[in-house]
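Heads up, the next two complexes both have chain A, just with different partners, chain B and then chain C.
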Partner chain A sequence: MITPNELKQQAQNSWQHQSSLDWLSLPAKARATFAGLDIPTRKTEAWKYTPLTPLLNNAYLANQAAGDVDAGAAETRIGPLGDVSRLVFINGHFTPGLSRFSDLENQGIITLFSNANDTQRDLINAELGTGFEPKEHIFATLNYSSVADGLLIHAPADFKVQQAIQLVYLSTAEADTSLAQSRVLVCAEAGSSLELIEQFDSLGATNVFHNHMMEVSLHPNARMVHTRLQVEHESLTHINGLHIKLAQGSHYEQHALAFGSALKRNDINVSFNGNNAYCRLNGVFLSKHKQHIDNHLNLEHAAPHCNSDTEYKGFITDSSRAVFNGRIHIHQHAQKTAAHLNSKNLLLSKQAELDTKPELEIYADDVKCSHGASIGKLDDKSLFYFQSRGIDRATAEAMLCLGFVNEMVEQFPNGAVIELARQRLAEFFNDVDKLNNLWSLE
Partner chain B sequence: MSATPLLEVKDLVAEVDGKTILDGISLTVKPGEVHAIMGPNGSGKSTLANVLAGRDDYQVVGGSVTFKGNDLFELEPEERAREGIFLAFQYPVEIPGVSNMQFLKASVDAVRKHRGQDELDAPAFMKLAREHCKELKLKPEFLKRGVNEGFSGGEKKRNEILQMALLEPSLALLDETDSGLDIDALQVAAEGVNALRNEARSFIVVTHYQRLLNYIVPDYVHVLAGGKIVKSGGRELALELEEKGYSWIQ
Partner chain C sequence: MSDEINALIRREYEAGFVTNIESETLPPGLNEEVVRVISAKKNEPEWMLEWRLEAYRKWREMEIPTWAHLKHPPVDFDAISYYSSPKSKNDGPKSLDEVDPEILETFEKLGIPLHERAKLAGVAVDAVFDSVSIGTTFKDDLAKAGVIFCSISEAIRDYPELIQKYLGSVVPQQDNFYAALNSAVFSDGSFVYIPKNTRCPMELSTYFRINELNTGQFERTLIVADEGSQVSYLEGCTAPMRDENQLHAAVVELVALGNADIKYSTVQNWYPGDENGKGGIYNFVTKRGVCDGANSKISWTQVETGSAITWKYPSVILRGDNSIGEFYSVALTNGYQQADTGTKMIHLGKNTKSTIVSKGISAGRSQNAYRGLVRISPRADGARNHTQCDSLLIGDQCGAHTFPYIENKNPDAILEHEATTSKVSDDQLFLCRQRGIDEEKAVSMIVNGFCKEVFKELPMEFAVEAGKLLEVSLEGAVG
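Coming up: the complex of A and B.
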């Protein structure tokens, strides 16, 4: 085990062996910021319940993951999603052989940073890294300290991207423990709309630390529907930053399913910068065995007349640990905000632990806000209803658990994604007592 | 009058948190009979139905109940259901995320297995469920929705009747099936119940109002007050209650 300082040194050493895009201004800035930051410890408030032990125990940062893969195995794992534009990244590396997005590439809507033209480079330089405070997000800063490549999704004004865009990130077993990084910048110009499906998965056990970043900027009246599946093998270490800027009248909706792993951390930061913007965050996370999952949500209501609805559910069993931190911050001039956040959790084992913390900070005086958190066992009335129909208690409990998770999954906007999510859930439940043979009940 | 009783309740006493709700109930139900239990609010009539179905909010502190000759209290709620007791809930529970079809299939599978019948395969079950839906004027999409999730009052009650039809119980307990129903919904529900009446199947119909009994005509009417059966009679007793109210009895 190394010390946090040694981890920091490891990161800084790794940059010497990596090239960045020479026209990109951010890495130099990010490196300078990173140099002044400390690796979070348990004393850091935002990391209080999430120790970075896997990073200190494995020399992830000493090696860069490669992008080799068995195409057939990858294709099988990705699964068919029908008519979508697809980009596949293996350990963070773009993999053209598994990708198909030529229509959107030709229209300049999807571009790899390495292929960006001057206009696109200007856009990337202007937008990348502006969605968050670098000092508060050390792993984002780490991500931007060495940018070998990245993905730009740019929807022009009033353009409706008809096909959903599927981004697949697969982690694999590498020769050595290693680091995989990826980043996506989404700019949706005024009045445009798009649907994005992010699929984080792995080909069996993996010894990779995947550090992923996405920044989204929705211009006035732009719309984005975003589904995220984080269904990788439990051996993965994954830190994920998502930073969203909402301009006037824009609409962002997210549906997320996430499994725990050796370490999984999701930061979602939403900034309401213009009036009448809307954000929905629907999420369900599951952890079993000794997995760990941490969801940190922060909604910055900095403009009046904006609404947000956040509903997160947690399913926590065995000796796993989960964290939910949902903060709503209503700035002084953000009058007429309606913001609601709810965290509902099923804690199914005495050894499991959940730390849930909804936070409301309100500095405006004319707002409607609510927040709540519940940690419970299954409802007795519901259990009796099942039993009164001849269903034994164990099966009733299992079905209620599945219903709890399924209630979120069935709200996913895309039927093929629901199907895929259900397959992964079947795998997840495979060794969860009593749930294994029920999930497929349709 | 020679048939063996299906259900025999003797001096049943039940309480909630030390408060006596049923105070010595005796009731004999033979196969094919329909018994109405009437009474004012708080008389214990819903408690009786729930105690028989096995809800553990109530503590049975005295008396005995035999069902098909066996001690009912030896059985878990799910075992009672498999043996043929069905409770149509006054307030059916909403279970989001579990489809009505999943729920019905799991239920019917469990009961059929216990009765030594073959499990129905999915297509056969779908067909059967759809037929019953049609009789109860429920759209087929109804089966795909979450159990009782967002159902209207009438839909919830008809869903109870649908379950009853699929489970083919020998004793159905209808707990205020008429509450919250308009007259049309009431008729549909009552027709569903009447279609299931036969010489082997018995019903205990718990209701506050005689209205329901115009549609589901009982063989016997019992009036419950203060946890006791204070009067029993034939159908005409319900009509008398309708006219005179419960104060006449108490």
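Coming up: the complex of A and C.
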């Protein structure tokens, strides 16, 4: 085990072997910022419940993950989602053989940073790294410290992207523990709309630390529907930053399904910068065995007349640990805001732990804000209701768990994604005591 | 907002007068010598001095906590005098008749006439003036019931075995920065012991007042309720108007043994500073109770309307099976006041239950935060918690915040947390005005209704005082 300082040193050493795109201004800035930051410890408020043990125990940062893969196995794992544009990244590396997005590429809507023309370079230089406070997100800063490539999704004004865009990130087993990094910049011009499906998956056990970043900028009246499946193998270490800027009248909707792993951390940061923007965050996370999952949501209401609805559910069993932190921050001028956040959790084991912290920070008076959090076991009355109708207790418990998770999955906007999510859930529940036949109950 | 309303918000602090009496005050600054002098002045035994010095040494190594949602210039701990006592008589007053009439008059102005109120209300008052307890009423009646109610200095001399057993048992010396400071320099406070199976015949009460300039008040309260006993304790606080910020770092420890029941109520009305945020009390208080035995209960009720800064988290450690912890709070901030207050409920025993009801009202340019922790240990089967935090905002220059920490390690526990933030709604106001109630009265009614859940937990006399305090502060504060 190394110390946090040694980890930082390891990160800085790794930069010597990594080159960034020469026209990109961000990496130099990010390196300077990173040098001034400390690796979070238990005493860092935002990391209070999430120790970085896997990062300190494995020399992830010493090696860069490669992007080699058995195409057949990858194709099978990804699963067909029907008529979508698809981009596949293996350990952070773009894999053309598995991707098909020529329509959108030709229209200039999807571009790799390495293929960007001058206009696109300017856009990337102007937008990348502007969606968050770098000092508060050390892993985002690490991500931007060396940018070999990235993905730009740019929807022109008033353009409706018809096909959903599927981004697949596969993690594999490497020769050595190694670091995989990827980043996406989404820029939706005024009045445009798009649907994005992110699939974080793996081919069996993996020894990779995947550090992913996505920044989304929705211009006035733009609209984005975002589905995120984080269904990797539990051996993965994954830190994921998602930073969203909403301009006037824009609409952002997210549906997430996430499994725990050795360490999984999701930071979602939404800034309301224009009037009448709307954001919905729906999520369900599940953890078992010795997994760890941490969800940090931050809603910055900086403009008036914006609404947000957040609904998160947690399913925690075995010796796993889950964290949910949802913060609503209403700035002084953000009058007439309605922001609601709800966290419901099912804790099923004596060894499991759930730490939740719903926060409200409010500086405007004419607002309606609420948050709620509940943690409990399966409801005795509901179980009794099942049993009184001749359904045995084990089945009743399984059905209640199914209902709990399914309520969120059913809201996914895309039928094919729901199907994929169900397959992964069936795998997840396969070795969970009493719940392994869960999906046959339907 | 109309001028009239602004005038009401900028009301004068009614308890802000200074009492001119001779007092004996140590020069500012803190070192081992000061601790020794305080201990010597109190004629304390050697073990007590050692205990203080241990706390002092630990305090020296500790850092000022900065995690609270508070902004204030750093406190200069060397500019504070750590001991101030009215008059320099070596032999303190033995009865109320010997007490300086001016001091009594001070209490009179504050509305706690020791003689009268005690008789009428049946309240035994232990009044603490700066750092010295000046007289305890109704001592004899309590003695008959076997109840010990005296200043902590007396208790150290007269009941050393109880003090040695319980002092620091709930809040250890090194618990936090301000608790360590208090442990080193506490000058007085109250001690209560309720014997087994005794119901305390009357409500006990302490009234704190900071008078001297540049002094800190560090009182220490210890309440021990033996098995099967019951006690209700009231605490009130005020301070004169000063330009400087004064420090108040108290420690309150409650111990409830099996089947015991302690109810602790506070109305805190320290000087909040002037309209520009100048002066006022820095109130850094550590309050904690432990439900040590089965079926015991500790209930905290607080109405916090004063202080420039409130940093206070009355907590309950639910160690005994079936024990109950409660926290009812109304925190009002106005002007430039800042409050970061809440509670901790630590569930260790089986079937332990806790209820948290927190009502925060922010007006003016104030910041009001609820910060709470509910922790369920793996052993606490059947634990139950319900938390409700509501905030009311009056004006667009203030802030209301909620930081609840919920940590659960037991699948058999059920926890609920709810929080809402809103302003006094136009609909409610309209409904009242439609029925001929003027706006000020309507707001007062709505705010009182908002706080009703907490007020009903207060003992009668305090409920009236608390209601009045809020009314004065808030009448028509909605523009």
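Operating definition for what follows: the second predicted complex is superposed on the first by the 442 of 442 C-alpha atoms of A that agree within 3 Å, B and C clash if a C-alpha of one lies under 4 Å from a C-alpha of the other, contacts with A are read in each partner's own complex, and residues count from 1 in each chain.
FYI, a contact is a pair of C-beta atoms (placed from the backbone, for glycine too) under 8 Å apart; a residue touches a chain by one contact, two chains touch by 3 or more.
Just so we're clear, the structure is a prediction, and the values are computed from it rather than from any experiment.
In the superposition on chain A, A:Y385 contacts chain B only, with no contact to chain C. Once the two complexes are laid over each other on the shared chain, residue contacts for A:G376 go to chain C alone; chain B is not touched.
Once the two complexes are overlaid on the shared chain, A:V405 sits against chain B while remaining clear of chain C. By the touch criterion stated above, A:T356 is placed in contact with chain C alone, chain B being left untouched.
Shared-chain residue A:R42: touches no atom of chain B or chain C. Look at A:Q332: by the touch rule set out above, it reaches chain C but stays clear of chain B. By the touch criterion defined above, A:R393 reaches chain B but does not reach chain C.
By the touch criterion stated above, A:K290 is placed in contact with neither chain B nor chain C. In the superposition on chain A, no contact is made by A:H17 with either chain B or chain C. In the superposed three-chain model, the partner touching more residues of chain A is C, compared with the other of chain B and chain C. Common to the chain B and chain C interfaces on chain A is no residue.
Within the complex formed with chain A, the residues of chain B that make contact are 53-56, 76-78, 80-82, 86-87, 89, 92-93, 95-99, 101-103, 105-107, 110-111, 114, 122, 146, 163, 167. Chain A makes touch with chain B in their complex at residues 379, 381-382, 384-393, 395, 399-400, 402-408, 410, 441-442.
Per the touch definition, chain A reaches chain C in the complex via residues 45, 49, 332, 335, 347-377.
Note for the complex: chain C touches chain A at residues 67, 69, 378, 391, 393-423.
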